[in-house]
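Two complexes are shown next, each including chain A; its partner changes from chain B in the first to chain C in the second.
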Partner chain A sequence: MKDIEFLKQLAYDARLSISDEDMPSLIDAYKDFMDQIQILEDIETEGVEPLVFPFESQNYYLRLDDVEDIMEVDDVLKNAKEVQEQQVKVPKVVNS
Partner chain B sequence: MKVYSIESLHDAFQSGKVEPKDYYQQIYKEAQFQQKRLNAFAYTTFGKAEKDLKNADFQNILSGIPYVLKDNLCTQNIYTTASSRMLEDYIPTYNAHVVDLLERQGCCLIGKSSMDELGMGFTNMTALTGPVYNPWDVSRIAGGSSGGSAALVASGLIPFALGSDTGDSIRRPAGYCGVVGMKPTWGRVSRYGLIPYASSLDTIGALTRNVRDMAIVMKNISGHDHRDMTSSFQSVPRYFHHLSLDISHLKIAFFKNIYDSLTDLQMKKIFDDMVVLLKQQGAKVDEIDFPERYLKSLVPVYNIIANGESTSNHACLDGIKYGMREDEKSIEDIVIQSRSRGFTKSTQQRFILGMLVLKEENQEKMFRKSQKVRRLIVEELNHIFQHYDLIISLNSDSIAPHIQDAMKKSSSLVDAQLLLANLAGLPSLTLPCGFVDDMPVAINLTGRLFEEQTVLNCAYALENVLPFKNQYVRGDHFEI
Partner chain C sequence: MKFETVIGIEVHCELKTKSKMFSSAPVSFGKKPNTQVHAIDLAMPGTLPSVNQKAVEMAIRVCHALHMDIQDLLSFDRKNYFYADLPKGYQITQHYHPIGSHGYIEIDVNQENMRIDIERLHLEEDTAKLTHLSDESLIDYNRAGIPLIEIVSKPQIKNSLQACAYLEALRYLFIYTDVSDAVMAQGSMRCDINISLKPETSQQYGVKVEIKNLNSLSNVQKAIDYEIQRQTALLLDGKPILQQTRRFDEKTQTTVAMRNKETTADYRYYPEPNILPIKLDSKWIQQIKDKLPLLPKQRKDIYINQYQLSYNDARILIDHKELSDFYNQTVQICPHYQLVCHWLIGDVLSYLNKSHQSIHAILHVEDFAKLMHFVADKTLSTKQAKQVLELMMTKHKDPVSVIEEYHFQQINDDHILMKVIDEILDYQPDLIKEYSQGKTKIVGFLVGQVMQKTNGQANPQKTNQLLMKELEKRKQ
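Entry: the complex of A and B
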């Protein structure tokens, strides 16, 4: 029961809704995943820096903060389901 | 329809032996036949191919050559779904960098290939359009996630296709389908326009039916692109021109503990034969040990990092700006319901577990911990590469599973070894090297960072003494 509530909250955090029907397979996946995490706990990593990318490289750089490769507004809106006055339309968010 | 490699089709077009328009008509017809048999296309783009063909001058090696793109590579004004319901009607307004490069060369796109949803999987069973069937036995899977690309190249329809590889997603289906598959060094090929899975692991690569074609394609899709922050500035060698059959100077290692884990004697025999062939050509081949604790941690490290990164990457798929949108009364409900109905259950599980490792209280003990173990694994590999040029292994411990068994297959040590190339960003190539029960078996070769040439040369030398170069299978009979 504790796992179910916890997993429902995690699903909500990921903006997903898990049905009761799908919960057993999620619980199995969760338990399997926790077993995998346990395997790593047995490895000593004191003083080891995390490796974020596969290797450290001199190539990585932050480009200058100049505007380039602009996407036109019409292009941005082409895949939106509802558009009004050059903007993506969503349900009202402020109560009247 | 006659089957060609890139080189032979280029020669046939240039010499006038093959009339391009006639050949493409045959391709379209064959594509429809293969689609019924393999279900490997997400979309066909024959209209686009016609336009591309009109622009082809057949002067350079790729001009006029037909190809297929995995459906996670953005194509301007052409559906790009990543085989997800969430992106079922998504039409990009721009091309991926690799698409621009191939269009500039005059390649002709005949379709987008099916894949596991968002690249997540090794079966190609989670695609929106259903499973992709293995050309050698349609009761078996093609493998994933680049299963559509692998199956179509193996059918002889096209000489090459592009795929992406985050854990083994080019190499696994290449091995199952009996074609050559290669992932380059991370950063060698721009990921601009690739719908991501996990950014620190993702690479774009290719599938071909021989190593010479692979050298051609890899050269043409590699190189720096300012639109990908992680794109390398390293110059790209002329792989094709530098291909060499001389591998007598190479030092090659394989992991004894992985070899010992093989239970199938036929598979073991095939690997033994590969070692003999390499030694006969003068290469030095040693068996070495890879620390057991690191081998056991490969899958956990991969799963934690891949789930964490993909959860973050795909938070943008919210049903608001693009993609599937459920009609609900609030923005939050639109997001939740669109994502819940737009993603398969297995993808949702990955996002939920990804959310687990990204939670503030878990980041250090789960996500950062996996990144630390990743460093230890990579350092161990780098130490090995101080003494050896290549690491080899079988591509899998089994042939492609039957469809009903595919989801039950757990990752063996042999399978898990493919993850090393993604965790360390290394170039890695899979080459057909035998058959068991009439199904293809493959060897995998992994090299040092940015040393694609060494990987290609060793594969070239092996391919030269094996009878599987250019193999394909069309229907109910084998053709080599």
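Entry: the complex of A and C
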């Protein structure tokens, strides 16, 4: 029951709609996945720094503040299903 | 029961870089929709973000002005949420290691200093702009990716007056550090207010309400005052306060609920894998710090304590950065602190307001300083100096040429003045008679005649003295 609620919340956060029929197989997949995670959880990590990037070298690069590579407006809107007033038209969702 | 208000403020400020935070598309306003866009801003497959050096520099400037610790290993994180204004499905921000932390700002609340601690300052990118129509929304990606800094205060603010003073102090700081125009009405500076009430005796914070959509200081004040009233009424009625996001509604002048607040965990933050942490050069950071101009608070202290300007005069100068810069340069060559200030915030400022021009377009520091010298040593009378100044500003000329061309120089020479006085008195013996009979008011009239004859060039005080002497001599 807890798993179902958790998965529903995750689906909501990711704005995915999951039907009740899909839920049992999703729970099975989720459990398998969590079993794998458990193996990692069991590793002793006391005193080990989290590793985010597998590189030893330092990065010093910052891009200079110059303007280049502006896209043509036709290219910007090429993938839009609908365009109005040179803008991408989407269903209205008032969120923030 | 008495309640105490606890307010924390999040401020977003758009940085005036040339290009965006992670792409080389331009940062510009008022352009046609979707014409200022790079493939990175649209999250096109295969594109990678690259960090704008100028935006980092600007963030460091503000961090230093806010007395913050600066994180020299720059790293970014993803804030995940799904909404049409966010093409990638996440915003690149700095969640775990903000570039600045543990700072403070001194604010001025009704002429009293107050310190507000600042928790963090982080760099992030702006979202696309949505225009909501009746059934659908339109997306303009010009704004997507514009660099932002977010500044989070500690919950130390207690009322709307302090909140407005804090925001104003930050706005000036952005302008003086030259990172943004910081215009709330245009959205280049935005703020969210977190507000909760707790019983005065309680140590525990109450339930927090966030207010968005505040586009002016006056709305910030109204929203906070309304919210204090609303929450107090609920608490006194024993009703719960919901953790919500509310917005200020201009029409009703109240706050209205938008949604119940998601908790921070919902954003599923994690380190941005597309940007390797960047080590910032400590020498570069130091150079940025060293180049920081004098900030509003420092200027105010100098103006009031060293230059003996009044609080109000100092405020007016600081309210106009250009004018304050111009003042600082002028008093370096002409240290008549109060005189220079009065002329700048008087005649010069009113001309600037009328003509909507920048001070540098109409006056040179050296020329203005010269004019102030002429006023200080009485080469020019106040009236003459005003006329000279106006001609300097309208004709773009230096004071010496104006004085020569328009014969403005004050006449201080006794011989020349006496010649004029004699001429006037010789032709009006009746006046000398009147003076003899005790009508001393006649002196003012005669000074006026001398001024008229000399086209206003005679030194009025000197004329007055010489006239009195001559009248006494000629007294019958």
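Keep this in mind: the second predicted complex is superposed on the first by the 85 of 96 C-alpha atoms of A that agree within 3 Å, B and C clash if a C-alpha of one lies under 4 Å from a C-alpha of the other, contacts with A are read in each partner's own complex, and residues count from 1 in each chain.
Throughout what follows, contacts are C-beta pairs under 8 Å (C-beta built on N, C-alpha and C of every residue); 3 or more make two chains touch, one makes a residue touch a chain.
The shown structure was predicted, so the numbers you read here are calculated from the model rather than taken from an experiment.
A.B. asks: Answer with first, second, both or neither: which of chain B and chain C does A:55 touch in the superposed model?
C.D. replies: After superposing on A, A:55 lies in contact with both chain B and chain C.
A.B. asks: Scan A:13 for contacts with chain B and chain C and give back first, second, both or neither.
C.D. replies: In the superposition, A:13 contacts both chain B and chain C.
A.B. asks: If we overlay the two complexes on their shared chain A, which of chain B and chain C does A:27 touch? Say first, second, both or neither.
C.D. replies: A:27: touches no partner chain.
A.B. asks: Touch check for A:88: first (chain B), second (chain C), both, or neither?
C.D. replies: Once the two structures are laid over each other on A, A:88 reaches both partners.
A.B. asks: Scan A:65 for contacts with chain B and chain C and give back first, second, both or neither.
C.D. replies: Second partner only, chain C.
A.B. asks: Going by the contact rule set out at the top, does A:73 touch chain B (first), chain C (second), both, or neither?
C.D. replies: It touches chain C, and chain B stays clear.
A.B. asks: More residues of chain A in touch with chain C or with chain B?
C.D. replies: Counting residues of chain A touched by each partner, the higher count goes to B.
A.B. asks: Both chain B and chain C touch chain A; at which residues?
C.D. replies: Touching chain B in the first complex and chain C in the second, residues 13-15, 52-53, 55, 59-63, 69, 71, 76, 88, 90-91, 93 of chain A appear in both lists.
A.B. asks: Touching residues of chain B toward chain A in the complex: what are they?
C.D. replies: Residues of chain B touching chain A: 89-91, 93-94, 186-187, 200-201, 226-227, 229-234, 293-294, 296-297, 299-301, 303-304, 311, 315, 318-323, 325, 328-332, 334-337, 339-340, 343, 345, 348-349, 351-356, 359, 365-366, 368-376, 378, 422-426, 449.
A.B. asks: Which residues of chain A touch chain C once you look at their complex with the stated criterion?
C.D. replies: Interface residues on the chain A side: 13-15, 52-53, 55, 58-71, 73, 76-77, 84-96.
A.B. asks: For chain A, which residues count as touching chain B in their complex?
C.D. replies: 7, 10-18, 22, 25-26, 29-30, 33, 36-37, 39-43, 45, 48-55, 57, 59-63, 69, 71, 75-76, 78-82, 88, 90-91, 93
A.B. asks: Using the touch definition from the top, list the residues of chain C that touch chain A in their complex.
C.D. replies: 17-19, 23-26, 32-39, 42, 50-56, 80-85, 131-141, 212, 245, 258-259, 266, 268, 271, 273, 276-279, 281
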